[in-house]
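In the two complexes that follow, chain A is the common piece, with chain B as its partner first and chain C second.
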Partner chain A sequence: MTATESRVKDLPIILPEPSEATSGEQVEQATEEWVEKFRGYYDQWGTLLQQNLDRLSRGSYSLHWLDTEHTHWGTRVQPSSRGLTAADIDRPKVYGTLPEHTEWRNFAPRGSARDLYKDAMPVIEGYDVLDKSHLWADNVNTLYEEAKVRQWNSTTDIPWSELEPVSEELEKAACQLSTFLTEVEFVAGDFPSRWVWRTAPDFFEVNNFLTTQMVDEARHMEVFRKRAMAGAGGLMHPSPAFEWALKAILESPTHSQGTFLLNVLGEGLVLSIFRAGEFLSKTHVDKEIFRLCMQDEARHVSYGTLEFKAYLDAAADRERALADMHRFADIGEQIILTALSEPALLESVAVLMGGSVAEIDEGMEGVGFLWSTIVEEYLQRCDRAGFSRRDRCTIPLEFPWAA
Partner chain B sequence: MMGPVADPITPSDAAPAPVARVAFPSVQWFEALGQRMHDQRDHFAKIGDMDCTMQLTLYDASPAGQPWRCQVEFEGTDVVDVREVGEGDEERADFVIETDLDTWREMVDNIVANGGRPDLDHTLNRLSLPGVPIRLWGVDPVRRDAYYRFNQSLQHYVNNAAAFGTRWPGDADEAPLPAPDGPAARA
Partner chain C sequence: MPRTRAGHFYIDPTCIGCGACEHGCPGKVDAICKIPGDFGGRFTIEAGQCIDCGLCIPLCPVACIHDARTEGVTQGSGGYTRIRDLQAWAAPRAGRSGDAAGRSGEV
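Entry: the complex of A and B
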């Protein structure tokens, strides 16, 4: 046993006293498991540690990192007019070619001299999304750059001091809509987070974009929570109908299926609501909120549409992939319809459109226009992805409202 | 046609000059908006770069009462091209907004009357919702969605109509407007 090995094996396990504020036993058990796991890997990392310490103790250098034989040394990336963009650094094929499938389940950067170290690398078991076809969209680099430069701050970019009082029933409707939007924005951020940590770093372009989506959705959740409170109203009624739709999105079996349900259908729906927000808004404050959120949401919809297209285009058996997606969409549409038909959503929007509870019938006519837009734009995006739902869509094309 | 918008027409440190009216519809009118956009580069950079091509079709705005079509190409914080186009050129635009001259004029008049920020009923997006006077469409729904992705920048671009006078069809070719007191406010 080397000196280093002895030192590691003899390390005392020092655990804090379990506290009532934390699940003490769980922490203790998890810590023990982690320690045992990495003790078990000692032959691999301990060898590296021993070599490094030996070298240091000899006062010698390795300088292996100066060797460029297995790198792409000398490949210069050129900035475009906008600066050095994500697309610019993907332009040289040696750096920008994404694998259709990767076995690199660690952090070694694509394009580095990583082949030399393959056998010594750890495997991150959590990385289990290894196929480009479940992630990629041709516009992902463009959308990532766009997301970076079009960020905004709900604290300072919304003219909160200009929020004008409206009637109590209009404020209740605005707060109910804000409550709904707060609720749905949680899942729109949580869904990508569920997949980012499973996605192999070879597909970092997608992860980068998805992290901007997470930031966008955090900001939307924040701004609608603020809006509910800023007019002295408050958060209103959450809805089981919403929650079932959100659960279906979050628990989608694959990233592509969930992206279809969230980005194409769900966010397409919310995009139309944000757009209609210009109509619903009774103040410049609300109009500014909806306009800024609309821009962010449209990026997510664009990614979803082209990701879905890329998934279908890459399918080895396209007919089978289409059949699976139709089966998924048949129930997915019905679950989203459960949320879309929720009175806490439709009625609050109708009151905002009509101008009062007494004029809710007029508002429902406007909701009918909105409904048709939501469904038609959804079908257009499906067409664009190569997934025709026009003869199979289970959401009524016309607003099912008997005035 | 125009190349990348160059130096400001009116340097910001110069005394305000009388504002010439710009005829509408015309390529020059959209170039004038582009010039103001260029002058406000910091403001538009804060909102975020915009890369898209917009087509405006006015059903009844040509001298013969026929459709008039114009495409405006945005890149970053600049207008890099404005061109009058014909029927069938829509493929070159990410999205098309179509309306009649009266609707466009009412929108611009409202922007001017409110000092560069339209009221709640006269924003581009509000007027282009389904069932209202401006029709939005595109040959590709993903490219069409650029209208949504860049809507704030598009609105601020159009809001700059408050910074100069517009000579509408039928208006007398009159003297220029007096110099404005200051920069137009924005939505």
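Entry: the complex of A and C
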């Protein structure tokens, strides 16, 4: 046993005083597991620690990091007139070539001298999305740039003080729609977060974009929560019908399948609502909220459509991939339909379109147009991805409303 | 800087405003920009700037960017045109029933 190992094994384990037995026991157990795990790795990291401490104690330098033999030293990336963009830094092949499959399950940057250290690197078991085909979209870099320049702040960019009063019925409808949107924006942020931490850092371009989606969705959740409260109304009725759809999205078995369900279908549905926002808005404040959210949502739908296309295009057995996706979509569409047909959504939209509860029948005519817009836009996204869904779509193409 | 020969690429009205194309346009060309004041946040190509490189086309999720030389000039097709039916239904109702928001008509 080395001197370092001896000192490490004697380190005291300091645990916070548990506030209650159950959580305290969980923390204690998790801490113990972590300690045992990294004690188990001691041969690997302890050796490095020993070498480093020995070098320091000798007053010796390594300077190995000055060696450029295994780097791409001298390769200059050139900024375009937009600045140094994500696409610009991917232009040199030595840095910008993404692997179809990566075995690098750690943070060693793509393009660095990492091969020298491969055998000593830890494996992060959590990184288990290792194939480009499960993530990539040809527009991910340009969408990332767009996302960065279109950020906005719901605290200051919405003229909250100018929110005009409307009738109580219209305010209830606006608050109900805001409650629905608050509910769905949660999952639109949580779904990418579930996959970002599983995605190997070699695909950082995708993770960077998905991180902007998470920020966007946090802002959307925030702005609709604020909208529900800003008119002296409040948050209204959540819905089990929404929740089943959101659960299906969050628990999708693969990133590509979940991206289809979230970005192509679910967020597409929300984008259609935002695109109709000009006719749902009863105040210029609501209109501005829809306008700003719409440009964010368009990016998410855009990524999802081309990610789905890239996934199908890269499939070794395209027919099988299509068959699997059809099987997934058969039930996925039905679960999304469960949310789309929820009265808390359709009826609040109908009141906003009609102008009052008394005019809800007229509003339902507008909802009929919105319904066919939602479905047809979804089918076009499927077509763009090479997924012909028109003959199998399980969502009624026309609004199933017996006027 | 405007060029002496106009480009031939254009974005049809079914654009959803994702902006992927804008950043695909070579920086020194910079021919793609948002349509000012458009509620839908759509983009347009300034023909005087466009160099017909076509880099923007594969980035578009709705296939709304066209080369007028090969496809002619269209107003778009497919599902993203369906919102026009909603617009046509909603436009005559603008300003009714306690509506405090201004509506600009066609998106």
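By definition in this document, the second predicted complex is superposed on the first by the 401 of 403 C-alpha atoms of A that agree within 3 Å, B and C clash if a C-alpha of one lies under 4 Å from a C-alpha of the other, contacts with A are read in each partner's own complex, and residues count from 1 in each chain.
Here is the rule we use: contacts are C-beta pairs under 8 Å (C-beta built on N, C-alpha and C of every residue); 3 or more make two chains touch, one makes a residue touch a chain.
Please read all numbers here as calculations on a predicted model, not as lab measurements.
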Overlay on chain A: chain C relative to chain B, clash or fit: clash
Partner chain(s) touched by A:Glu278 [first = chain B, second = chain C, both, neither]: both
Touching partner for A:Ala245 - first (chain B), second (chain C), both, neither: neither
Residues of chain A touched, compared between chain B and chain C (which is higher): C
Which of chain B and chain C A:Gln380 touches, first, second, both or neither: both
Touched partner set for A:Glu164, first chain B, second chain C, both or neither: second
Colliding region between chain C and chain B, picked from 62-70, 116-124 or 170-178 after the shared-chain fit: 116-124
Set of chain A residues, in rising order, touched by both chain B and chain C: 81-82, 139, 142, 145-146, 150, 271, 275-276, 278-279, 281-284, 287, 291, 294-295, 298-299, 301-302, 305-306, 366, 369-370, 372-373, 377, 380-381, 383-384
Residues of chain C touching chain A in the complex: 16-24, 26-28, 30, 39-41, 58-63, 78-80, 82-83, 85-87, 89-90, 93, 96-104, 107
List of chain B residues in touch with chain A within their complex: 45, 47-49, 51, 75-76, 117, 120, 123, 125-126, 129-131, 140-142, 145-146, 148-152, 155, 187
Complex contacts: residues of chain A adjacent to chain C: 80-82, 85, 87, 138-139, 141-143, 145-146, 150, 164, 166-167, 170, 271-272, 275-279, 281-284, 286-287, 291, 294-295, 298-299, 301-303, 305-306, 353-356, 359, 365-366, 369-370, 372-373, 375-381, 383-384
Residue ranges of chain A touching chain B (in the complex, touch as defined): 81-82, 139, 142, 145-146, 149-151, 271, 275-276, 278-279, 281-284, 287-288, 291-292, 294-295, 297-299, 301-302, 305-306, 366, 369-370, 372-373, 377, 380-381, 383-384
